[in-house]
Amino acid sequence: MIGALLHRLPFEPVTAILVIPAASAILLALLPGYRLTARLNVLAAFLTFLAALSLLVERPAPGGYLFVDDLNVVFVVLGTFVGFTTSAFSASYIAHELEIGRLTPAYLRFYHAMYQALMFSMNLGLLANNIGLMWVAIELATLTTVLMVGIYRTHQALEAAWKYFILGSVGIALALFGTILVYMAARPVIGEGHDAMVWTSLMEKSKDFSPDMLNLAFVFLMLGYGTKVGLAPLHAWLPDAHAEGPTPISAVLSGLLLNVALYAVLRFKMLLAANTAAIAPGPLMVTLGLLSLIFAGFMLYRRRDIKRLFAYSSIEHMGLITFAFGMGGPLANFAGLLHMTMHSLTKSAIFFTVGHISQVKGTQKMSEIRGLTVSHPLLGWGLVVGVVAIAGLPPLGIFMSEFLIVSSTFAREPLLALPLVFGILIALGALFLRLSDVAFGKPTGSMAPVKASRLPFIAHLALVLAAGIYLPGPLVTWFQNVARLLG
Amino acid sequence: MVLILQLIAQGAQMALVLLLAPLLLGFTRKVKARLLRRQGPPVLQPYRDLLRLIRKEVVLAHNASWLFRSGPYLIFAATWVAAALIPTFATDLYFSWTADLIAITALLGSARFFLALVGMDVGTAFGGIGSSREMMFASLAEPGMIMIVFTVALLAGSTQLSEVAEFMVTHVTLRVSLGLALVGLIIVALAENARIPVDNPATHLELTMVHEAMVLEYSGRHLAVLELASALKLLLYISLIACIFFPWGLAPFGSGPASYLIGLASYLGKLTVGGFLLALFETSIAKMRVFRVPDFLGIALMLGLLGMLLLFVSRSF
Amino acid sequence: MDHTAIDVAHMLAGGMVLVSFMLLYQDRMFGLLNVFALHAFVLSLSVAWQAYIQNAPHLFITAFIALVLKAIIIPVALHRVVVRLGIHRTIEIIGGVGPTMLFGMGLVALSMVVMLHATATADPLAREDLAFALSVVLLGLLMMVTRRNAVSQIVGFMSLENGLILAATGAKGMPLVVEISVAFSVLVAFIVIGVFLFRIRERFDTVDVEALEEARGERL
Amino acid sequence: MNPAAGTLWSVAALLGLSVLAVAIARRPAATRITYAVCLAICIAVFIIAIAYLLGADRPVAALQLPVGLPWIGAHFRIDLLSAFFLAIVNLGGAAASLYALGYGEHEESPGRVLPFYPAFLAGMNLVVLADDAFTFLFAWEFMSLTSWALVIAHHEDAENRRAGYIYIVMASFGTLALLLAFGLLAGPSGSYAFADMRASSAAQPGLVLLLVLIGAGSKAGLVPLHVWLPLAHPAAPSHVSALMSGVMTKVAVYGFIRIVFDLNGPPAWWWSVVVIPLAGATCVLGVLSALMQHDLKRLLAYHTVENIGIIFIGLGLALAFSAHGMAAPAALALTASLFHVFNHSLFKSLLFFGAGAILTATHERDMEHLGGLIHRMPLTAFTFLAGCVAISALPPLNGFASEWLTFQAILLSPILPSWGLKLIVPAVGAMLALSAALAAGCFVKAFGVTFLGRARSSQAADAHETDGASLTAMFAFAVLCLLAGILPGFIIDGLAPVTEALVGGRMPVQASIPWLSIVPVAESRSSYNGLLVFIFIAISALLAAEAIHRLASQALRRGPAWDCGFPDLRPETQYTADSFAQPIRRVFGEMVFLAREHVDMPPPGDARPARIAVTLRDLVWDSIYLPIAGGTAYVADKLNYLQFLTIRQFLSVVFVALVGLLVVLMFVMLVWS
């Protein structure tokens, strides 16, 4: 019925998803005035989200450059939603930054433009039906985030942005080489030209590709896009970029960009999975996943900066997700998708609270933040719930995915499950160690009430809670289809 | 008719142990004195002491609580019930199955528990010493006792004293386990009754006293009840040893008055021998330091455990 | 296509590997920049040749971009930067020249084995091309990690990226090559501007790591 | 109506209540409302459970909700075992809620207690209801989480925060162990419903047992996984401590029974060889540690460890017997264990209630500052005394009844064929006897130092009797302790169907035996009659008192204590908790705690006071947990350098990774071709 309605309207969701952010980026770059631009930013993000939702109702046939299938629609809807909530959060966050003069209006204009540009590039990367186009989009996303990480112009911010930039570029380069190799592998089968880079045709024919080429290509792609995913040992840019940039960007990085990079990896994994002769990409992903999980788990213990803490926890969870997809099979893939969704929602919610906390306390050092549940009950308990969720405890959603990952792994590969459990436990220990000091005890620092935008993080946590208790049937079948796609 | 006889027998036993207890105490003291070339108090002296105490007024500490006043009766009752459940002159008395050997040990445990509590009630230093040391002894004596019970029970296939006694009478064979158990039980009995070498019932104002320290604040009728209870306890242990290891002459279930008389006679004989041996032992050995007592009791525990293991070696069930 | 075509392409690609080794060998700043200009020049020649033999005119654009931007503008700009920042002294090479060269040899061998083995099915032109491209990429990366100096690291990155362009053009009929080369040029421009703006003298990162720990509140 | 549905509705009500409590926490009436509703719900569920357990025709009590794991759904089921534990959970819950009606009024931060308390109850109920692995673990961890929130309710105290931290980490550790166990039971296909697990046999049942022993054991407090328990239980508000010690540990026992006896297929003989010695060690170490404490609530917590050991001895014996196909002895052992589960939930809750009453009256948990409370709080003292007698396994109260049954089960061990068990079981029997005796000593200390003697502090001197609600709860449980002690037969008969379902055997019917005595195996073997023992003691005590008061003089004079004529009796001269434990410390301490006493006796003429310092070491903590913490810190420090590399070094890492992978790939390809 809605589908029919959409037909009657002159409405093309896919283009809308791309055009709205692009146009608003330009518009916001031109418009002065904080209030208006902030509102416009939210509005644009909201419209994009609506357009993305309409994809659930009915999706267009794959085109030459853009296409929508079960896999990327998950990412698009999730991404646009988090983008929308983050824009709402960023409105109040940036207002405070303006008050204390950390940002000037000029930079603010730039910030909003970049925000929409980022949305555009990520949506493009997700919707691209062409591996070259996807590559370009992800590079664009990297550049925009680099600019936003460095926006505070402090020594650390610039240093973080720079580190991100260099490591990102090298990753990009490797990814491009991998992309070229894929084309070379596809060319003999599909023939020269455009088709040899189009997902839809690649997926059909990949079984005939030269397996050795694919293997080689996957090494480069895994390292290249893995840098963006933030897998150890390619993670170096991630903690600083999260810690030094504005908090909304940290939220977007953890909640979206990592997913987009992961999406790229998954696509190519599907390509290899379809080709029986190629070496299964599983072992590589499992290794990198475990490495990231355990490494990040230990790194959590020595963190002093609250945003860097949660950045490392993002590395940990990306490792977990990569591990799940590396294990493969319906259960693990389902769990991986679920975990990815839950992690995006939870981690961005955590960054929302952390942003307000560091604003009201005027610091990101955990040693100077105490007793939040006393001084700022809502933020404090919000943080507690967030950490409980991210640590994988019920009744929140990540518990379900970790349950599935661990139990299915142990039934299949007991020896792999032990390091997995070890890593999870290590990370949990670190998170609660910090939490019990930050959220409880005698409060320190400013007790001033904070003009927090409550809705975003409450909405996210509510969603995570709901998912932890009840997953709606359509969502489940949809995830199961994707899990089957991923093989 | 039989039921009535049974009830009478049970009641008789309860009365009997109550009456005999001070006598045994007096007898032991007399023998001890004689062995020390002293005249010693008359055998009936304990009865006189009890009566005198009963007639005296009670001096209560200001901060003595209701527990302090009700404790003696509880202690006495528990000990008395325990003593009444041990076959003295006849087995299978009407209520003999009320509590088996483990339960009897536990009953004595309850008595000890309350004794240690009342010892702490007034809040004097001596009371504390007594209670803490009593519980320390108990913590070793009780497992020792249980181990002995295990040995006997595994052998006789029952923890019911009557069953055990009958088993011993009918088909007992000389066993090393039994010997070990006997020695262990004697050690436990000495400790539980605060006899030399563990404690010295005859002294006061000595830093090593345990039982006397707990009842130090008591006087008058309360003290009398407690004295009677401890006398009962001594009787209980001797009759326990007698009933397990020397069960001859016990009147079997539902037998006539004649056999009851025989049983009674043999029981008195056993008590005499027991009291005499006790006195002999006490005169021939010195009291040991408090912190050597755990080793002493540890021996009992070891003996019990050893006896049980030897059972398995000698005969695999 | 005839043999000479392949031979010329082969020669040009091999030439790039050779120039990469020259880059590795350089320990003078200006010399490095000049050699890099040469590197870019050879690249543009090779791309042009590919454009000719694949008769794909759009590749000429790529060749042109390579020539103008990488062989002329960027070297000149970097020359300015070097003079401006006053860092035109010898570049310290971590691990020394000799070992680096040897390691580079190893990398070339590795890439040859891997690539020739992997592309057994592909046409000879592409095989050679990709093998050389991979070695250029690895050598560029090697250069980035063995140089302490910002400008020479940039040069390393750009030579790496030249290798990518080489591979992309060698992949016969690959679409979007132009767009990709443009995107990369933007990237490089960013880097150069970054160096220029942030006045990064010695390295890409601060000398004083301790200070950073302090600043990040990550002190133990 | 379907009992499971009824219980689920009550659970839903509890959850709703906790949401409501968040809203109304600031109101003065909040405490009363919350606990009153909890009380009502718990009673309702208790009735449901008892009706199911004792009912002749048991309705099918299973249902499935479309929540939880999507393609499986959440299965809930009440069978005999879960009905029994439901009864325990809700009996304890009801008493705690009743108690809290009074006690909760003294809570200074109700906002941190009221929302979590009903959720905690709901979690425990859900664990017992769950019939598939996901729901079970979900509820299990939810229970841990809510109790964690209650443990750190008084978060200003750094000790409590530390306790909460250790607790949540250990709890998650246990949950992960259980998760692995369920992974094995479910198999690769992921059949998580308990029914499927029963149907299919696990790949490695032995491994499952070990994992469950770790998972459930860490929750129940088996040595050496008990370290969190003495920290966390005392930290919580007292009614929650009572729930955690008296009920939550039982839920852990339920988890063990459910998985090992029900889901994991037939047991192997060596399982009991693992379980029984562990349980024995738990008993002794628990009670010895308790003796060394002078914090009343911590002492009680350590005794929970001891009693868990007793329960697991019974379970281990049941495993041993049923592994050799001896149904009747297995039933005896299991009955003993379940009976002790029930008893411990009674007297441990009672004792924690008492400790809470003292806490509110004196604001003291340290016994060294208490004393003489029997005068100020006689009723509390009476109930606490009942609890002490019960937990010390003294007749005629209930603690003895279940330990007596355990001893009877131990005495059956010679019929076991395997020699290892023949020798291990009696040795563990000795440990059990030792721990029983030590427990008596420990509670003489606890009651004597706290209630008897003279007040050691002003707070203790002017304490006041606690409120009516609390007293009602305490007296109710004291009476239950007595009833369970003198009428054990009925409970044994009530447990018979449970054991029949689990080990396929049952104890002989007890209710028909004359004089209501209990006979585990045969009249000729052993019997015990708590009722008669109680009556005899009562009669003879009254008789004696009566006789004495007739004969003796009624004269009574109050005077100062004599104490061998020692003058100036200041409270400091009394025995303290530590000095009471000193002889036992001398005997066992050197070995178990490496106890060292440093006496500093000044020479004559020196005015400074003589000092004695005692150092105890917790060997379990020092030898297991400190190394783990240290190792983690060490690795974290070493890895932390990676945070501070230069970009060039990071690039080198990437480079090395790339080259390494290429080399690997090369070898792979060469090998393949």
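In order of appearance the chains are A, B, C and D, and numbering begins at 1 in each one.
Convention: a residue touches a chain if its C-beta (ideal position, glycine included) is under 8 Å from a C-beta of that chain, and two chains touch if they have at least 3 such contacts.
From a predicted model like this one, the values you see are computed outputs, not experimental measurements.
Asks: By number of C-beta pairs in contact, which chain pair leads?
Replies: Highest contact count belongs to chains B-D.
Asks: Farthest chain from chain B, going by mean C-alpha coordinates, please.
Replies: Here the answer is chain C, farthest from chain B.
Asks: Express in whole angstrom the distance between the two chain centres, defined as the mean CA positions of chain B and chain C.
Replies: That gives a centre separation of 99 Å.
Asks: What is the distance, in whole Å, between the centres of chain A and chain C, each centre taken as the mean of its C-alpha atoms?
Replies: The answer is 31 Å.
Asks: Please report how many Å separate the Cα centroid of chain A from that of chain D, as a whole number.
Replies: 44
Asks: Where the centres are mean C-alpha positions, what is the separation of chain B from chain D, in Å?
Replies: Taking the mean C-alpha position of each chain, the two centres sit 35 Å apart.
Asks: At least two partner chains per residue is the criterion; list those residues in chain A.
Replies: In chain A, 162-163, 166, 170, 212, 215-216, 302 touch at least two other chains.
Asks: Give the residues of chain C touching no fewer than two other chains, as numbers and ranges.
Replies: Chain C, residues with two or more chain partners: 114, 117-118, 141, 144, 204-205, 212, 218, 220.
Asks: Would you give the residues of chain D that are in contact with at least 2 other chains, written as numbers and ranges?
Replies: 637, 640, 643, 647, 651, 654, 658, 662, 665, 669
Asks: Name the touching chain pairs, would you?
Replies: Inter-chain contacts occur between A-C, A-D, B-D, C-D.
Asks: Spell out the residues on chain C that touch chain A in their complex, using ranges where they run on.
Replies: Interface residues on chain C, with respect to chain A: 114-115, 117-122, 126, 130, 133-134, 137, 141, 144, 157, 160-161, 164, 167-168, 171-176, 179-180, 183-184, 186-187, 190-191, 194, 198, 200, 204-206, 212, 215-220.
Asks: Please give the residue numbers of chain B that touch chain D in the complex, ascending.
Replies: Residue positions touching the partner: 14, 54-63, 65-67, 73-74, 76-78, 80-81, 84, 95, 97-100, 102-103, 106-107, 109-110, 112-113, 116-117, 119-129, 131-133, 135-136, 138-143, 145-147, 150, 153-154, 157-160, 163, 204-205, 216-217, 220-221, 224-225, 290-291, 294, 301, 304-305, 308-309, 312, 317.
Asks: For chain D, which residues count as touching chain A in their complex?
Replies: Residues in contact with chain A: 66-71, 133-134, 137-139, 141-142, 144-145, 152, 155-156, 158, 161-162, 164-165, 168-169, 172-173, 176, 179-180, 182-184, 186-188, 190, 192, 203, 632-633, 635-637, 639-640, 642-643, 645, 647, 650-651, 653-654, 657-658, 661-662, 665, 668-669.
Asks: For the complex, give me every residue of chain A touching chain C.
Replies: 130, 132-133, 135-136, 139-140, 143, 155-156, 158-159, 162-163, 165-166, 169-170, 172-173, 176-177, 180-181, 183-184, 187-188, 192-194, 196-197, 210, 212-213, 215-216, 240, 243, 302-305, 308, 364-365, 367
Asks: Quick one: which bits of chain D touch chain C in the complex? Just the residue numbers, please.
Replies: Touching chain C: residues 637, 640, 643-644, 646-648, 651-652, 654-655, 658-659, 662-663, 665-666, 669-670, 673 of chain D.
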